[in-house]
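By letter and in written order, the chains are A, B, C and D; residue numbering begins at 1 in each of them.
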Amino acid sequence: MNSFDKISVKEIVDEVSDGCLLGIPADYSGVPMQFTKELIKKGIKNLRLYCLPLTTIQGDMLIGSGCVSEIEAAAVTLGEFGLASRFSEAIEQNILLMKDSTCPALHAQLQATEKSVPFMPLRGVIGSDIQKHRKDWCIIPNPMNSSGIKDEPILLLPAVQLDIFVFHAACSDRNGNIQIGRRRELATLAHASKKVFVTVEKIIDEDFFENELSAATCLPALYVDGIAVAKNGAWPCALPGAYKADNNEIKNYSIAAKTKDGFNQYMKLLLSK
Amino acid sequence: MNSFDKISVKEIVDEVSDGCLLGIPADYSGVPMQFTKELIKKGIKNLRLYCLPLTTIQGDMLIGSGCVSEIEAAAVTLGEFGLASRFSEAIEQNILLMKDSTCPALHAQLQATEKSVPFMPLRGVIGSDIQKHRKDWCIIPNPMNSSGIKDEPILLLPAVQLDIFVFHAACSDRNGNIQIGRRRELATLAHASKKVFVTVEKIIDEDFFENELSAATCLPALYVDGIAVAKNGAWPCALPGAYKADNNEIKNYSIAAKTKDGFNQYMKLLLSK
Amino acid sequence: MELNIKREELLISQLADLLVNDKHVAVGAASPIPGAAALLAKEEAKIKNKRLRVTILHSNKYNNFTDGARELFDCAAQGRIDTFFLGGVQIDGQANINLVGIGKYPKLNKRFPGSFGSALMYFVVPQIILFREEHSPRTLVNRVDFISAPGVSEDNIYRPGGPKYLLTNRALFKFNKNDKKFLLSRLNHNETIETITNLTEFNFDVDKNISEMIDPDNERIHILRKYIAPMVSEFYPEFAKRIWDV
Amino acid sequence: MELNIKREELLISQLADLLVNDKHVAVGAASPIPGAAALLAKEEAKIKNKRLRVTILHSNKYNNFTDGARELFDCAAQGRIDTFFLGGVQIDGQANINLVGIGKYPKLNKRFPGSFGSALMYFVVPQIILFREEHSPRTLVNRVDFISAPGVSEDNIYRPGGPKYLLTNRALFKFNKNDKKFLLSRLNHNETIETITNLTEFNFDVDKNISEMIDPDNERIHILRKYIAPMVSEFYPEFAKRIWDV
């Protein structure tokens, strides 16, 4: 028996159900764009996106394609290429529920699940309109005497468990260990997800655990339910340590996506490739 | 200006004051034994040890040498060489305050400081005599509706900030970044400590951050207040990835330390070397 | 041909039988018999084309973790470890375990190392196997002097895990969570219900289907001696040398 | 010789002056002017034999972190970052910032990306410098439509950090925490108190010692153009090309 399950991108897509809570990596941690294209082709509906902590073209494309009913994020943006127009328009037209958050809260909610505790405390945030609109967050008087400030209110954030998390990485070893390098937020996302699938540029015939230093760069196979090879699978996004973003393509997208029609034409071409 | 402060082991020892809260790494994460010998020579008093999550010969020697007034740990043991006799005797003679804990609680208390929150919740532990004797811990009714269990009591652990943390590592790069590999608990300890000093086998003329994979193995220099070269500085303990424990020496220690006299003779010889 | 089966091999075989449905078994410090059992179960699963992951702490090769020392506990809390082994200076009839000391805490007559991670692992790992070779009235007591981790909890406590079995060098007990009581279910050769009763301070029930421990068959002994022994010798060299002379 | 100093260089120079006492400056996404200022301050510190660390997110080379995306926030919460830069679609007279949108939340007329990490960073970094190039009544408003992070907090809120300065392409304000009000302290060339008042919707005080922004001296311009420009071109290539043609 192999020590991991090698599957296809389509088989990963089959694991995503309408309405599920899908983990979305930031643009610096391996965006699974090939998977995203297949997901849009499938016509998935009512996805709830949990972004750690933001999304760029991946989230905007899913929203523009009508796949998303809800999104929790600290930002949705095309970065230097401006606003994520499909996202902004969906909010302005009131057809998308946005759970506005802030980066450390998105990390902490997953860390709560990582530790199987019902909540995590967080400093800051109190007094912001983010906090005022989050009915799933609560504020309690600090029960810990040793904290120093009198009558300090403490914000508690609920543990969030993802249904499924998919990301793209440079490689796995022959045992299914995934090289993530410094992108340790990918480990947090994996720990907090019921199912985890990874697309990789290649599978290498090595054992990353044979060496303490290469072991340190891995997400262990035990968290991964299946691996698919997807050459250039983050395109047009960057894959840290492997290739840079295709800025021309993202710019083209950002221009096309300014209107619904432009977006539809862009996507038609993209999905037919 | 150098990007880090290269100092001597004695200068590290000078940073340790009587009564301070000192972070102690486990036997698998780089025990700073050369530093410990110098600390004992100095005649430090009333140290409070915070072990993540246990200590072996380092803690036992410090206790036997009369340097320690309090210790928080999940275990003090010589592993396959049996009980830590100086520790056990100090407890049996009631001259050492032991804050009995459990591994995940010791991690969580530092993670609270890492995030600058006043406490962290932890599941388990309730109903144990560990919990009953920890007056610094508290139990509250779960304030988070979404948790599922009715009337669930939740254990809260206070944030603990260390005064100083010292560990031994294989190497630093020319910019003072420390190679810790998979021993990421060392990063947690450093994040939660006011001062951090490291002894290393050697300083390498490289920049670990030039490569994403070697960067992933580092504790960044920004957390480190000084680095001293100490050849074989973990001896007789192991240095993961570099050398194994000197089991003969630890066995000799375990036999000698069974009695106060045997320990004193052993230490006299050790410190005169 | 009759094989001369060692006591340790019999215990390893008993434990391996308890791991057949697992996907991930973790083994803590200083546990050569559970470690060998986990590796044996992994090898046998492979033959059946099933996948069993084994994490042995204090080993580099069989350590699947990369997130530091806390990952064992986080991983267990996430429900990703099916079986873990715990021991105890004392174990009592309600499956409370004591790893701290003998006497009235904190003024102990005899201090032992401490509770390690038991106070969390006992709550979150579905199958905790208590393993204590010494079977005597001083180890299997009526009431532990200190509860490192309780055997049972109230209904409002989050507890997906807990004790399932207790193995000593004389007997195997199942733990009945509803009755909060052990059930004697297997006897080592030469043991009787009476010898076990005499050597156990706590009260226990006796399984209607109580039987002798089943010796490992030739194939299992072959795998154990040929494949597992050299693996074990990597992280428990003295144990492997004593039992298998490797 | 008179140097022709660009507007961006003047702003970089203003920011660099605010970093001279720092040990660690962090710069967030899409911030070429703060990024250049931090690297300039680092270079000048080196000349004075002082150590300034600079962390520029979205850069691999100037990113000191190895614990994933959460480390910026943990590091800041630990008090290990002295200065951080924040912007805003709107900034109001109490230093509240809005990164979310225009209109009555959640029914916004115009949606912007979101609050990023501002809701924590604003509380824990001792010196937050608000930087917004556009100085107009639509950016510097009386009251923001949405508070991504509040400028001030009650006394019982843990808040070692907060706003210290607001720099626009026309002026530099100090923030007075006690009065909860900005103080106009430096004017760009060709600006007057009157032009600033007309272009600012919120009320502010005027520093008794108000002065013009001081142009960077020849040495600073030399360092900026010779050493900093090529560094900046690594992570803001278009900006570096536009300003310095590198």
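In this section, contacts are C-beta pairs under 8 Å (C-beta built on N, C-alpha and C of every residue); 3 or more make two chains touch, one makes a residue touch a chain.
Treat the numbers as computed from the prediction; the structure is a model and nothing was measured.
Novice: Tally the contacting C-beta pairs at the B-D interface and at the B-C interface, and name the larger one.
Specialist: B-C
Novice: Need the CA-centroid distance for the pair subunit A / subunit B, whole Å please.
Specialist: 35
Novice: CA centre of subunit C versus CA centre of subunit D: separation in Å?
Specialist: That pair's centroid distance is 59 Å.
Novice: What whole-number Å value describes the gap between the mean CA coordinates of subunit B and subunit D?
Specialist: Spacing between the chain centres: roughly 39 Å.
Novice: Please report how many Å separate the Cα centroid of subunit B from that of subunit C, as a whole number.
Specialist: Chain centres of subunit B and subunit C, defined by C-alpha means, are spaced 29 Å apart.
Novice: Which residues does subunit B have that touch at least 2 chains other than itself?
Specialist: 104, 115-117, 122-123, 152, 182, 184, 187, 212, 215-217, 240
Novice: Give the residues of subunit D touching no fewer than two other chains, as numbers and ranges.
Specialist: Residue numbers touching two or more other chains: 60, 65-67, 73-74, 77, 124, 158.
Novice: So what shape is it, when you link every pair of chains that touch: line, ring, star, complete or other?
Specialist: other
Novice: Could you run through all the chain pairs that touch each other?
Specialist: Pairs satisfying the touch definition: A-B, A-C, A-D, B-C, B-D.
Novice: Taking the touch rule as given, give the residues of subunit C at its contact with subunit B in the complex, in rising order.
Specialist: The touching residues are 29-30, 58, 60, 65-70, 72-74, 77, 99-101, 105-124, 146-150, 153-154, 156-159, 238.
Novice: Okay, in this complex, where on subunit A does subunit D touch?
Specialist: Touching subunit D from subunit A are residues 26, 28-29, 52-54, 73-77, 79-80, 83-84, 87-88, 91-92, 94, 98, 100-105, 107, 111, 122-131, 133, 149-153, 182-188, 240.
Novice: Taking the complex as given, what residues does subunit C use to touch subunit A?
Specialist: 24, 45-46, 49-51, 53, 60-61, 63-67, 73-75, 77-80, 124, 158
Novice: In the complex, go through subunit B and note every residue touching subunit A.
Specialist: Answer in residue numbers: 104, 108, 115-123, 136, 138, 140, 142-148, 152, 154, 156, 158-159, 179-182, 212-217, 240-241.
Novice: For the complex, which residues does subunit B have touching subunit D?
Specialist: 1, 3, 113-117, 184, 187, 191-192, 209, 212, 215-223
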